[in-house]
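Both of the next two complexes hold chain A, though its partner changes from chain B to chain C.
Our next item is the complex of A and B:
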């Protein structure tokens, strides 16, 4: 079953573009990455899923139910972590979390304390006294405490130190192993690469690629680097080669196509070293953005 | 289901309710305590007032008022009280929803499994509860202070009850109009200027509407609908005008629910 089903979703803020005719599906139990630069429409998409805003055209369904019409019902099972976390400043952390839990029929007290323990969150401090990173932790705990079946994470790691990021990823992966579907929006490719099964790449309000993360890496490009004093770079100006560059006896390029063509070419010349590797998502990503 | 929202909202507002109630009580105390000295020199004061232009007396609700009587004097005090009550209610009205959008807490609240209508109902009931506390304080202060400072004179309890009985609708007018205006504009950056603008604007329309010579404009302001001078002198409400207030409240609330259900919550950046 598709947990999230988005079809032709469009949102304009007056004349300003939010997203334009977006369609994708998220399967049950997967971690779905949603990547794109700031302003591409990532938050708009998530806010549409939560019915915080209303679509100009198209529709979105979660658990098979329309996001707008069945909003309150489907939000029972959604955990949301906004990119910017601001909560009622005068409240203490514990009161905010209890308020958050009060919206769900189940008793979330035990889970709340467990999560606060994992994220090392002090419950008796006032929210206005917290640093940005600590507020983010409050966001994480309030988003997870009711054991949602779907997590919507909007750039969740900003403001967390590396140690906390690791704990957070661990937490997300544990949730995912228990069957929780995760929708993970980010502009940091490393974390998407590490966590997600599939990704959608969004640019200027449109999805330009939806793919399995391994397919994206493997079936596309190879990053080739050759070392050697006498390499003639122009010899590699072959079909399928891109981003060819050379300096100080090194030649670097990306290659897409039959790898044997390149292997034969390399074996015909003298090199002191050769590496052929998969590009990072970052490099693929930049390719898409050019 | 909106009980938790009601409690949360009331918890965040009670300080403000206490502050407003205390301030209004203090103002009433100061003015009402002046009554005995006014009453002693009533003849001179009434003569003095007779020399002022009618428009000026209208503006301060003094036209035809006999300041030597308890209710005549209290009517003037009540007009000041009304201005304060209007600012408070407008403040709650404009802030009710907009404060969440200004501090970005709307995302938190609306991502919860709760209908927008329930959110609004919880918030409105909480604001109304706060205003009712202030209303009750005004009742207590009015009866208490009048009986302390009436300088042995008698007064018409019926008129007093009529005056005080008008407070609830008066408050709801400013609460509902503030709310609907806050939902009609894209974003309320700061509540205070809006609240002051609505409250004083309505007061000015009532006070100086006479100078403009058109009664149509006057008819939209609750300061006119619940003009203390009229109520005290006639011992009754100006019924058609009171109905306008009721009508505005109902229309504003219905519109608010419709607008809030369709509203796009503005995002950061």
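Our next item is the complex of A and C:
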């Protein structure tokens, strides 16, 4: 079953583009990465899923139900962590968490204390006295305490120190092992690469690629580097070659296509060294964004 | 229930401040009144003012040497105070979620927007009633010294009823503007401007009888303190108009708030 089903979803703020004709599916039990730079439309997409804003065209469904019509019902099973966490400043952390828990029919007290323990959260402080990172921790506990079936994470690690990030990833992976589906929006490739099964890349409001993270790395691009004094770089200006650069007798480029074409080309010239390797996701990503 | 209780708690401080303002206002009024009390000479000074001015200030209809007459004059100022509080609570209780960026929390919980509006409207209503009761009690306490009679209490109760209706009108207007306007900063200033414009209408209708039709646009003209004092009645037509405004305002609030994009 598809937990999230987005079809031709479009959002314009007046004339300003939010997202434009986006379609994708998230399967039950997977960690789905949603990656793109700031302003690409990641938060817009999540806010549409949560019915905070209404689509200009297209539709989105979660658990098979329309996000706008059945919003309150599907939000019973959703945990949301916004990129910037804002709560009622004058409340204490514990009161805020209890308030949040009171909206769900189940008793979440035990889980709340367990999560607060894991995230080392001080429950008796006022929200307004908390640092950015500590607010984020409150957000994590608040988003998870009702044991949601779907997690929507919008740049969840910003503000967390590396130690907390690790604990947080552990928490997400544990949840995922228990069957929770995760929608993970980020502009940091390392964390997406580490956690996600599949990834959608969004650029200027459009999805330019949706793929299995391994396929993305393995099948598409090769990073080629050749060393040799007499290499003519223009000889590699072939179809499928991109980012061709050369300096001090080294030629580097990315290649997508039949690898034999490149192998034959290399064997026809003299090189002192050659490496062909998988690009990192970082490199793929930059390629997509140029 | 949880939203309602949280809102009540969050608004305690604001209610407290409005109670202090009202108390100070009554204290100042009574201090002035003590000069007029049983002192016709002071009133003679007033009658020298132009007739239009007196009429605009609502001074003409009342005998300012009695406590009842004094409260007849105070009615307009009570009305201003309580309606400003009501309209501000109305817009603020809705718009503060967007202003403080807490919508991403409060409206991603499993609640409908209608439920949020209902709970918040009820909390603001409780605030209005609390401020009204405070005003009522403070008025009685400060009048005790000046031998209030049965007529005074009857008049004061009627005033409170009229004030309550006016509060409800402006509360509904405030909630509507808070819900309908995406620019939360504009909502409060629009609400206050609207209130002041309608108050201004109520003054110019008193100055010029040709502009009498404007009274339908000014809740401050709906309930005439002189009629409440002399005939012990409030005009049922304006009760009807008030009810219509409240219903239209709340219906508009629900309709617009459930349909619009939140400002994040």
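Everything that follows uses one rule, which is that the second predicted complex is superposed on the first by the 253 of 290 C-alpha atoms of A that agree within 3 Å, B and C clash if a C-alpha of one lies under 4 Å from a C-alpha of the other, contacts with A are read in each partner's own complex, and residues count from 1 in each chain.
Assume contacts are C-beta pairs under 8 Å (C-beta built on N, C-alpha and C of every residue); 3 or more make two chains touch, one makes a residue touch a chain.
Quick caveat: nothing in here was measured; it's all calculated off a predicted structure.
With both complexes brought onto chain A, simultaneous placement of chain B and chain C is prevented by a clash. Within the superposed three-chain model, A:179 lies out of touch with both chain B and chain C [touch as defined at top]. In the superposed model, A:162 makes contact with neither chain B nor chain C. Once the two complexes are laid over each other on the shared chain, residue contacts for A:239 go to neither chain B nor chain C. Of the two partner chains, chain B and chain C are each touched by A:72. Once both structures are placed on chain A, chain A residues 13, 47, 50-54, 71-73, 75-76, 78, 80, 82, 84, 86-90, 99-100, 102-104, 142 are touched by chain B and, in the other complex, by chain C. Considering their complex, residues 4, 8, 12, 103-108, 110-115, 262, 264-265, 267-269 of chain B touch chain A. By the touch rule above, chain C contacts chain A in their complex via residues 2, 6, 10, 100-105, 107-112, 259-262, 264. Across the complex, chain C is touched by residues 13, 47, 50-54, 71-73, 75-76, 78, 80, 82, 84-90, 99-100, 102-104, 142 of chain A. Listing the residues of chain A that touch chain B in their complex gives 13, 38, 43-44, 47, 50-54, 71-76, 78, 80, 82-84, 86-90, 99-100, 102-104, 142.
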